[in-house]
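Next come two complexes, and both contain chain A; in the first it sits with chain B, in the second with chain C.
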Partner chain A sequence: MNRFRAFINGADIRRFRFWVQLGFFFLLVYGGYFMINLGQSLPTFSCGFNQPGRAGVCYLLPLQHQTHIPWDSIISGRGLGILTGLLTFLAWLFVFNKAWCGYACPLGTIQDWMTSLRQKLGIRYATYNLDWFTRLKKIKYILLILLIVIPFLMANSVAGLPKLPDDMGTPFCKICPARMVIPAMTGDFSQWTVDFSTGTAAAMTGLGMLVLGIFFVGGFINKRFFCFFCPMSALHSLFSKVALLKLRKDGSKCTRCGDCYRACDMQIREIADDVESTTLVKDDCMMCFKCVAACPEEGALKASFMNIPIYESTEAGFFKRMTKRGKK
Partner chain B sequence: MSAEAQVKQIEMVRRQLSRESAEALNKIEKDFPDNPKSMDYFYDLYRRVHCEGEAPHGDKKVIGTTCVQVPEELIYAVGAVPVRLCNGSHTFDQLGAEFMPAKSCSLVKATLGMLSSEVASWLDQGGDIVNVTTCDQKTKAGRLMEEAGYRVHHLELPPSKESEAARTYWQSNVNGFARSLESVTGHKITRNGLRDAIVRVGRAQQAYRRLHRLRMSPLAPILGKDVFLVTNAYFFDDIDSWTDAVEVLNDEIERRCEEGFGAAQRRAPRILFTGSPPIFPNLKLPTLIEQSGAVIVADETCSANRMLYDVVNVDEWQLYDMVDALADRALKPCTCPIFVSDEDRKRRLLELARTFAVDGVVYQAFSGCQVFEMEQRSISRFLADEGIPSLYVETDYSPDDLGQLSTRIEAFIESLKARRRRK
Partner chain C sequence: MTKLRRLALGFALLSGCLGGAAQAGPLWFSDRPPSADWSKHAHHSHGGMVERGRQGVSVKRLWLRDGRVPASAVYPQFGDDAEIAVLGIDGKNLAPELFKVNSGGGITFPMAEEGFYNAYLIERRVEDDVLKTSIVKAEVLKHSCSEGHDPAFTASRMPPRDHAGIALDIIRERRPGEDFHTRMRSGDELVFRVNYNGSPAAGAHVSLTTQQGWSKQVMADADGRAVFGMIRDYYPAWHEFDKRHSEAFLVTAEFRADEPGELHGTPFRQAHYTATLPGTFYPSELEYSSYLVGLLVALVAAALAAGSVFFYRLKHGRPARERLQ
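Coming up: the complex of A and B.
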């Protein structure tokens, strides 16, 4: 058992992650061709516009349909639909927590591939300075609120104001890069257009194309560029405290050397500097556990599932990874 | 002074130095029974370098460093060898008194004394030094080294390490240092060169960490005076030979642990050593502690643990990421008292005291080392609150206070023993 533990803790998390991500990428992007259907409430960007390849649908799409609901029908079958959708979403999240972002999300995986490409070319990454970082982070919550409120305002008139135009459709999907990127993976580029049928549609799809451009440039120079603004990540973080998979820290063992902070693609400073908290899944965390692999202190950081440690930082593991990667 | 008189004086200093080193080494080696066999490598190294004045690196380009914050991997990457200049000799301390105010730190004085004496085998006159602006005395000493004819790169360290601004400031200074190294040596830092240097230093640190961990054993397998000698040799020894010698020592220590062999008595109080760094030949305090029947099991000083413990993590093995990573390693975990906050030092001491089952802490401050003197109150109070007895010792390189020190140390160790019996 101890030898098994040592083997796991000495593992190269990058390689493990690469293969898991690749597996999920195929499952979520092409699974539909094999009749796989994981339902409508996946807590990850398994894009609904990717038909017939999708193996399930990103929860944000049905959520925007469901909140397009008049006041008086909330207490009815449709209201119940919102509830079951949310509960299914939470059930998925409850088990794997934000590892959906770090291991499953196809859009995240594509960004990681762009990062590998940049790295291979020897081009330096960009980072945000801390002030900007704390400001920009809030965008994802604003997007989350908007994607719930706008469909609702399309169906209801609040305080005597006119309803929003119906052609805003599923507003977040219109500007989400996944709508264009994920179907393109199955050869479907039909989303890469600006819809001029109405003014609103043109504005929204035009904005979408702009975001797509920013996604490619930003994702190339910045690690996990889009994830800082992702409303799915915001939705996760509202519930991530109760999930079974956790990232734990023992502050007394931490020397604040910052090795984990350096490894973190999401620039989460607390992972190194916070020595008080015992669980450290910040709202941007994608639970990739690169920090655990980067930590040289015995048991200072660990990934645990139902309080059972599954991957732990060890000195031996640290040096094993360092010598291996430094040899290339 | 006539040329002849000067030669005579240099000869005198050399003789005095070699006598001082030989005495200290004799005490460390001969006054204790059962030294590990593999310590002979180190005893012999000190004999050759300190007593006989052998130059440790031959013809290689040597770059002097003055503090642990210098990322030595960069120096290896330009094909040069870093040698830490911080000096522990009373002979040089007296020589250096000429350059510094009366009440300044022995370490800084001795370093300046060595650099101005032409006796040092470490660095040629006019050689290159990188001096980190840590405490006031070291900062100004950098200027004095320039006056003594050395080429000095002043590596600016921020006075606090918490803010992100301090971190980026330091990173850009380290990048500047890398560029200046390239122009001084005429060698470019390449990706492969730096990666190899990082792995090389990493291997040394891994060996050190193994030694460190072995000392957790309930029956102390090696004395602290030997470990200080080992870590101190890292200042000047060839890094690969050093690492190999430490691994050989580790194997022997591990055998000792398995056989249940103790380097000290079973009931010897376990000491954590902190404060101003013991540097050969000034191992006065550690030797005294262990002669009085205690054993040093861990330390928090910049000539040992703080220098070798914290390892660098590189995320992308490209130059841009490696240099920043080295900068972070030098700044973020550093527990040097020059920083505004002492939180990390307290946490480190507490963690060491717990994991090494320490009975008491000895806090050494060189008189004149203001920052360690200033942190003494808060650290002592913190340790007292945590229920860990501590002894604060203010001393310097002169042997004059030996008698008074040994009385205090013995009393402290007796009190630790009594405390153990009561438990």
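Coming up: the complex of A and C.
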């Protein structure tokens, strides 16, 4: 048992993650061709616009449809639909927590591939300074609020103001690069257009293409560029504390060397600085566990499922990985 | 021009209401109500207008229309001897309810399950030794996104169904990749199959008439198939363009057979069948979507972002550390 545990703790998380991500990428982008359907409340960007390739639908799409609801229909079957969708989303999230971002999200995987390409080309990457980091991380919460409020204001007049136009429907999807990028993986470029049927539609789809252009440059230069602004990540973080999969830290074993922080694609400073908290799933964390792999201290960081450690930092594992990388 | 059209339409509606069951053209079904008052009862859904029935079940209301051109077809009452059937997903008759009001008449039926329902109204009469049969058909979709989008389920509910006992049946063949969300659009090619007593009605005259009256007639081939390319039939001022603007079209098939017999004691030597099937189509996406502008916007944004990064790095030549990952 101890040898098995040592084998796991000495594993190359990057290789493991690469293959898991590849598997999820094929499942979520092409699974529909094999009649696989995981429902429409997935806590990851399995884009609903990717038809018929999708094997399930990102929860944000039905959420925006469901919140397009008049006040008087909230206590009805439609209101029940919102509740059912949310509960299904939570059930998925409850098991894998934010590992949906680090291991399953097709858009995240594409960004990781862009990072690999940049590294191969020898181009250095960009980071945010602490000031910008603090400011920008709020954007995902603003987007989350807007994607719920805008559909609601399309169905309801508030304070005598006119309702928002129908062309604002699914507002986040209109600006989400996944709408363009994921269907393109199956050869469908139909979303790469600006819709001139109304001013609102032109503005929303134009903004979407603008974000797409920035996504390609940002995703190339900055690791997991879009995840920083992702409202799905914000929604995860609201419920991540109750999930079964956790990232734990034993502060007494931490030397604050900062290796975990430097390994973190999301620049989460607390992973190195915080020696008080025992659970460290911050709102930007995608649970890739690269921090665990980068930690040389015995048991300082660990991934646990239902409080059972499944992968933890060990000195032997650290040196095994470093030796392997050194040989390359 | 628009005012004239509205006036003509209003006159046609008025004369239809006053004229009762006087027939000017083929009978057909439509889910568009005759007045704004009736529109209040219905809401838009995938598959057209539906009403909310008991326990939240969607109810379809189909109005009988009379006239070849959808824009000017009147709302008549149907005859008392008409045979009516609505065949559900499993092919069983759903026993529709009939309604007659001052502004017209038709049928209503609940649609509990997702998929396509086929409604039929059949009228027969003998004129000049010829049995004249009108077969009014509507193929109605029930879909709500809240019930999910299981591809296997959708695929199982997509194929059109042939119904035994319908003398002349028009069946719309599905388009490649069609699902519950597919809309027919200008520029699409639509294929209809016409069956006479379950076999291809080769040689049947099949016509398609659009909302504003454009019409094309073809002869069904050996397989009973008739193919139509949907034209553009919507020319609003640019600022009035609505991509959700739906236009009706009407497919009519006529078939004559030497079939002597008698109807309620009246003999006939020949039978003449007229079948109708309405549909809806929307403007082509190519009318309002631009790949060129989309790509230009993305390229300009990417170029500006890349330029900003490049010049920022020129100014702040601080290398970032990248290790341990």
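Convention: the second predicted complex is superposed on the first by the 328 of 328 C-alpha atoms of A that agree within 3 Å, B and C clash if a C-alpha of one lies under 4 Å from a C-alpha of the other, contacts with A are read in each partner's own complex, and residues count from 1 in each chain.
By our rule, contacts are C-beta pairs under 8 Å (C-beta built on N, C-alpha and C of every residue); 3 or more make two chains touch, one makes a residue touch a chain.
Quick caveat: nothing in here was measured; it's all calculated off a predicted structure.
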Once the shared chain is lined up, is A:125 touching chain B (first), chain C (second), both, or neither of them?
both
Check your understanding: Which partner does A:272 contact after superposing on A: first (chain B), second (chain C), both, neither?
Key -> first
Does chain B (first) or chain C (second) touch A:221, or do both, or does neither?
-> second
Larger residue footprint on chain A, choosing between chain B and chain C, goes to C
A:300 in the overlay: touching chain B, chain C, both, or neither? Say first, second, both or neither. neither
Original post:
Should A:323 be classified as contacting the first partner (chain B), the second (chain C), both, or neither?
Top reply: first
| query | Which partner does A:257 contact after superposing on A: first (chain B), second (chain C), both, neither? | reply | first
A:57 in the overlay: touching chain B, chain C, both, or neither? Say first, second, both or neither. second
**OP:** Figure out whether A:315 sits in contact with chain B (first) or chain C (second), or with both, or with neither.
**Re:** first
TODO: Using the touch definition from the top, say if A:77 reaches chain B (first), chain C (second), both or neither.
DONE: second
Where chain B and chain C land on the same part of chain A: residues 119, 124-125, 259, 262-263, 290, 294
Listed in rising order, the residues of chain C that touch chain A in the complex are 56, 145-146, 148-152, 155, 177, 179, 241-244, 285, 288-291, 293-295, 297-306, 309, 319-325
Residue positions on chain A within touch of chain B in the complex are 119, 122, 124-125, 129-130, 251-263, 269, 272-273, 275, 290, 294, 296, 315, 318-319, 322-323, 325-328
Residue set of chain B touching chain A in the complex reads 162, 164, 168, 191, 195-196, 198-199, 202-203, 206, 209, 213, 309-318, 320-321, 324-325, 328-329, 332-333, 344, 347-348, 350-351, 354
Given the complex, residues on chain A that touch chain C span 14, 32, 35, 37, 39-40, 51-52, 57, 62, 65-66, 76-78, 81, 119, 124-127, 166, 189-190, 192-198, 201, 205-206, 209-214, 216-218, 221, 259, 262-263, 265, 290, 294
